[in-house]
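Naming follows writing order (A, B and C), and every chain is counted from residue 1.
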Amino acid sequence: MNPVALGLAVASAAGALAVAAALLAPARVRVALVGVLTAVLGAAGMAAGGAALAGHIFTAHVSQLLPLAGVYLAVDALSGVFLSVGGAVVLAASVYGIGYFRHSGHNGHSGGNGRAIQVLWPVFAFSLVLVPAAASVSTLLVAWELMAVSSLLLVVSEHRRSAQVRSAGVWYAVMTHLGLVTILIGLVWLASAARTETFAGIAAAAPGISPVVRGGVFVLVLAGFGSKAGMVPLHAWLPRAHPEAPSPASALMSAAMVNLGVYGLVRVGLDLLGGGSRWWWLLVLLLGSLSAVYGILQASVANDLKRLLAYSTVENLGLILVGVGAAGVFKDSGFPVLAALALAAALLHTMTHAAFKTLLFLGAGSVLHATGTRDLDDLGGLRARMPVTTGLFALGALGAAALPGGAGFPSEWLLLQSLIHGLVVPGVTVVVLLPVAVGAIALSAGLAVAAFVKALGTGFLAKSRTPAAEHAHEPPPAMLAGMGLAALACAGFALVPGLVGPLLGRAVAAAGLGGAGADQAAGRLSALGSTLSPLLVVGGALLLVVLLRVLMRLVARGPRRAAPLWDCGAGPLTPRMEYTATSFAEPLQRVFDNVLAPESDLDVTAYTESAYLVERVAYSRAVPDRVEHRLYTPVIGAVRRAGTASRALANGSVHRYLGYGFASVIVLLLVLAAAQ
Amino acid sequence: MTTMSTPANGASELLDLAAGVFLLAAVAILWLRDVAAQTRLLAVQGSALAAMAVVLGAEQAHPELYAVAAGVGLLRAVVLPALLRRAVNARAADRETRPLLNVGASLLTAAALVLLAYAVAQPLVRLEATAAARALSVGLSVVLIGLLVLVTRRNALAQVVGFLLLDNGITAIAFLAAAGVPLLVELGVSFDLLLVVLVLRVLTTRMRAVFGSADLDDLRELRD
Amino acid sequence: MTTSSVVISALQVTLVLAGAPLLTGLMRQVRARLEGRAGGGVLQPWRDVRKLLRKARLDPEGTGPAFRTAPLIGVAAAIMAAAAIPLAATGTALGSGADLIAVIGLLTLASAMLALAGLDTATAFGGMGASREMTITALAEPTILMAVFALSTRIGSTDLPAIVTAGITDGARLASPASLLAAVALAVVVLAETGRLPVDNPATHLELTMVHEAMVLEYSGPDLALVELGASMRLAVLLGLWASLFAPWGIATTAGAAAVVLGAGVFAAKLALLGAALAAGEVFTAKLRLFRVPELLAGSFLLAVLAVTASFFLN
């Protein structure tokens, strides 16, 4: 039997069982049962994706499931990448969730063992498996909406906790549905131009569609899918919604759901529309570079740990979009090998990002679970109480900072390689934009190191700054197991990235960049292990560290002794004297003052008796999202004004409302009669 | 559209008769002002609809149309008019005394709507010159007349009548054009109708309790 | 990874390990003489290392594994870089794995670890040094990668042996505008990454002006010896990298013993020359305010961008 079909069938069965278990099982075993079944779903999805990457193709048509259209499924190597990534993240997050949801109900987050969350969890996981497998417009839209609604409900599941959760829910609901409408219009337009709604049919009919229609469809699809992928300026929901969801759900959203925006773009732009014009992909390249720099800049000045991670997602998705854009540009200019390489770099970065982002979000969830706060300024000193979590988070941070030994290093290296070789492409715009993209990637890489040193250093090292952080404890074993799975993936990508070379070659070919180019690129990817030799570099460095340590032990005169810290003779140091996350990021914030535009407020209250004696000083500082401020506020204001103006249409008379309907029916019939 | 085979002459005459009764019932509802009488006319219309379904089932040899005809007849000729009659108060407050459009004007408008329906349905008649195709324009006319009743009557119960008229017209079109709708859809629509009638009954009772009459324009006060 | 390449790498590592403190000593001596002082002699850094190694190992209270491993990683990264970069000969042990981006990444990893160690001490100085160091690193990255871009476009690879060999065989390329601009840009970056004037003063005693020294304030004894050794090795490696990229004459392209020995000798001479020039320049330079450093780095970024455009348009 086709292994892909088997994997999908097992995933569906596991999902259905999980939903049934969530509804019927008693509270004692509910969380564990749902967690295990969803983990099975994830593993099956990963297996199906892996089988697709190994060359198996699967198509199916279930005509009765959806009215009017039927369900079309097709899994090729490109879907396989996103299927396997989604499945792997579901697996790790579900295992983690077994511990997280069972122990929730204290420390600032409300009970996650309620039926609602447990039902939504497998539904969300299943939708992540369904979207890459969809092969017709209606199937894709239904799966997309299922994903949006289930994730929305998960985001607001802890709505009693604070007003921020509700506000985040509203933002997310509005933006994801606006994205859905945009995708709907774009895809339906495409389907009507191609006179068929199955992807295979559209791909066959695409060359005959006029460039105006294709361009219009691409812009709409870019807006819709890009918004899901957190592309600036349509990213405003990401840093609001991801922190407020329960941590396993944040991991799923950040590491699996946003990838599907990239999937949609690649599928529609490169595969269905066949590549299109160069300006499409230059636009993607530009927006990707902008997202990368803006995202990490906001991350480096963020105090909330999960907000930092959410902005880092924006950055990484920006890098992936740079790769996709470069692939499109190279393909259009007739350089298939470079195009294949760039797309492969983007896909590899998708995989590595999923690995380290999952690990980081799960780690942040453990911190939240142990201390009840996400604010880096209030944490610190967690290493002594939670050593394993600190070690795992450090591995994830290494990956996010794209340093050697981290999961993100091979993929960023490959991305840079494909861009550096891209100067051979003729055209002034390319020559100008490629260095800009390389500069943006470089700046984002540097800022990422700063941001994650901040997150790790001020959050986990040093001394605890609040009692909450002092009383932290190691999370339960299920949560550690989930993090361990993600860490395993990170280590794998860091040490032996060449293993996925041939798989990526197939995926790139499935995206429409096939032929000799893809084969050559696949060859180069397989040789990634020897070209970059990360195993050698990391192994050598570790060996040297061990050697030096032994040497130092031999040379030493006696055991290590404790010693006090240098306090300038002024007395014992308190945790208040440490550098907090805000102070760590202050030089960066000053350098990028014009871009970030922080708002600060200083309030000095003096005694009534004398204006020179200060009683109290209150200082507050916030770094808002400037894009949101400049772009969204005017748009929302305009919409509000339009809404207020159109209140006159609704004056309360039932007859008037019915009259509107009647009049439109009559008008339509008249038009119909006249047009015959 | 599924095939509309040419029925035997007798069957086509029966169909024409049923369609005629259907349309006449709709016009009469527009003419009369007493809601109680309107419910009786609704029952007549429901029976005509069921008859159309039976005739179509006979000559198209679709046995399930019989079952649908029975269900439709039961619902629209018996159950819904009975429910509506119970809501009608014997007091004069339920006579439509001042409709938005007076009777003469509404009859003229109805005439214009019927003409429009015939004009729009011409291509279908040209496609297949059967009695069923001709009856399509009747269905469309009843839909438009139902909308007219909905828009121009103040009394809440009269609006329910208009709504039921609308739905009868849609069902007629479905039978004539496509030999009925899938059973599932028909069940769903019927359930909806039941719910609408029940809800509006409750609303009317509440309105009477608060305002003393069931005039929908009183609801405008709640706007601000 | 042939035996000859392993030998070459081992030779380079030994040279850097033994010679880096000497380089630092030479630089201090040149400075001292120019400032009218007697100086401590070229061997003073080695004497300092020996003194420090004999002291007891201290563990400042509250510090953890991050603090203890950072010096080890600093030295290990510098050794790996010395083994990978073609300093004396192009056939190093890592072969084509000696990627310029990877080497820079290793050195950045070492400074990130040191920043974490600074934060781990939970003192204000540690945090301050870490914060400033990370800002400077973040702003230096674009310049580095742009310069890499400029250098590798002509050759078509970011492979260090390939770039160095191309520089040796095609000498005229080194005098091209692209190469010169990239050289100046990378020189500024080397100053920033190694903490020399005008970015950071390695000889300052005022904590508020420190960047690198503030991070390592709590280290003492053998740990401090490793930190100092790591810092001087980093300087030697980065200067050697700059020399291999922009002044590659003398580097052996074959694996013959004589050529390699000659290459090693030339490398030592180049390093001494560069170090002396750097030290002489430092006498006449003042340290920049911290918030002027981004301007300096932005200027070097501009030069690197010009190098890229020059390499394309003046092809």
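Just a few scattered comments:
The rule is simple: a contact is a pair of C-beta atoms (placed from the backbone, for glycine too) under 8 Å apart; a residue touches a chain by one contact, two chains touch by 3 or more.
A quick note: this is a predicted structure, and the numbers were derived from the prediction, not measured.
Chain contacts here run in a simple line, from one end chain through to the other with no loop closing.
At the far end from chain B, in terms of centres built from Cα atoms, lies C. Separating the centre of chain A from that of chain C, both taken as means of CA atoms, is a distance of 36 Å. The geometric centre of chain A is 54 Å away from that of chain B, both derived from CA atoms.
Computed centre separation for the pair chain B/chain C is 89 angstrom, with centres defined by C-alpha atoms.
Considering their complex, residues 651-655, 658-659, 661-662, 665-666, 669-670, 672-673, 676 of chain A touch chain B. Those residues of chain A that touch chain C in the shared complex are 300, 380-381, 383-384, 401-405, 409, 413, 416-417, 420-421, 423, 431, 435, 438-439, 441-443, 445-447, 449-450, 453-454, 456-458, 461-463, 530-534, 536-537, 540-541, 544-545, 548-549, 552, 555-567, 573, 575, 577-579, 583-588, 590-591. Across the interface of their complex, chain A is touched by residues 100, 113, 116-117, 119-120, 122-123, 144, 147-148, 150-152, 154, 159, 216-217, 219-220, 222-223 of chain B.
Here chain C touches chain A in the complex through residues 53-62, 64-66, 69, 72-73, 75-77, 79-80, 83, 94, 96-97, 99, 101-102, 105-106, 108-109, 112, 115-116, 119-128, 130-132, 134-135, 137-146, 148-149, 152-153, 156, 158, 217-218, 220, 222, 226, 290-291, 294, 301, 305, 308-309, 312, going by the rule given at the top.
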